[in-house]
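Labels run A, B and C following the written order; every chain starts at residue 1.
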Amino acid sequence: MKITEETISVNTKHRNQMIDITSQVSSLVRQSPITAGDVIVYCPHTTAAITINENADPDVCHDILLTMSQLFPQHRAGYRHAEGNSDSHCKSSLFGCSEQILISNNSLSLGTWQGIYFCEFDGPRNRKVIVQIRGE
Amino acid sequence: MKITEETISVNTKHRNQMIDITSQVSSLVRQSPITAGDVIVYCPHTTAAITINENADPDVCHDILLTMSQLFPQHRAGYRHAEGNSDSHCKSSLFGCSEQILISNNSLSLGTWQGIYFCEFDGPRNRKVIVQIRGE
Amino acid sequence: MKITEETISVNTKHRNQMIDITSQVSSLVRQSPITAGDVIVYCPHTTAAITINENADPDVCHDILLTMSQLFPQHRAGYRHAEGNSDSHCKSSLFGCSEQILISNNSLSLGTWQGIYFCEFDGPRNRKVIVQIRGE
């Protein structure tokens, strides 16, 4: 098994934002020696996440973030965490801090409409994403 | 490391539906040459998901879908995406488009009550699921 | 590729509880012969989950559990599942039953503030967690 690992930098501009990182991940896969296997896209932050969703119509991301803001408002009676970002931590656990995408023929096996997103839930911040590519 | 990859077809009948695909995944694992490792069950669609939950009492799936429909109604003030399925995209990111199950002795290491479900959130549609089995 | 698998026991004390299992997982990684690769932390139960979130301020876990209890109350009109834990099954699918963490230099590559949590959503119970370590 071959394993390569790279880091992507993401600078976010808003408190809640979905940033398409598909092309960066795809480039790293094509530059790797791996033709079959998988890539793990891992977010080492606790108020952000990685998700896979539609990257054709940007209104989809707008509507996802709107929904999350309504269900998880920044302030909630009973919150104790003094940083004021308990909503961000909730969203991080619900979306999850990593995604795994299959690799065939040295390319990402994403569905037709799928893109890989870095989800910022407590920006703006300078973030990083770890990309581990594994296989044969 | 050995890697095999297969595709399962799933034809859904309702807008929201959980379909147990455990037996199909289990068969692919047993037919593979892999005795220890893992299987990735990957959904290449952006309005569907893969989850693991109880497969003993079908009322569990009923209650999960009821909960999701109440928290994520199809229409919400402010939605922009013209296809009318923004709720489906939200559910897809929250449940996640893949699950990973361990393999021991050429069999799935699921818990006693666990089954693998394809989650349709914008059906009825003809869907596919990619199953990658990896290990020794 | 080398693969090792171990089991951790977790005894929960409350109906909803997040228990930090980072040190146990970290010890298993250090005891393994694997220097680069990943670890899958897998929960074989359908009313519990695994998540990664902040382990510096315990108020973060308090606020996450508070949020989940408010959005997913134990009783909801229309629930059919007779065990009275449909909310627990929902939370399990939303948080997800496994997490994958990268390994570098025979150590977990967690972010500065990240810890690995076993999430109990229908306790108190005696639970187990499967830890599969894979790589070179």
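Just so we're on the same page, a contact is a pair of C-beta atoms (placed from the backbone, for glycine too) under 8 Å apart; a residue touches a chain by one contact, two chains touch by 3 or more.
Just so it is clear, the structure is predicted and the values come from calculations on it, not from any experiment.
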| item | value |
| --- | --- |
| Copy pair chain B, chain C: interface residue numbering same or different (half cut) | different |
| Rotation angle (°) superposing Cα atoms of chain A on chain C, nearest 5 | 120 |
| Centre-of-Cα separation between chain C and chain B, whole angstrom | 20 |
| For chain A, residues that touch 2 or more chains besides their own | 1, 71, 94, 96, 100 |
| Chain B-touching residues of chain A, taken from the complex the two chains share | 1, 36-38, 51-54, 57, 59-60, 62-64, 66-68, 70-71, 94-96, 99-102, 104, 109-114, 135-136 |
| Partner chain A, residues of chain B touching it in the complex | 1, 3, 5, 40, 42-46, 71-72, 76, 78-83, 86-87, 89-90, 92-94, 96-98, 100, 130, 132, 134 |
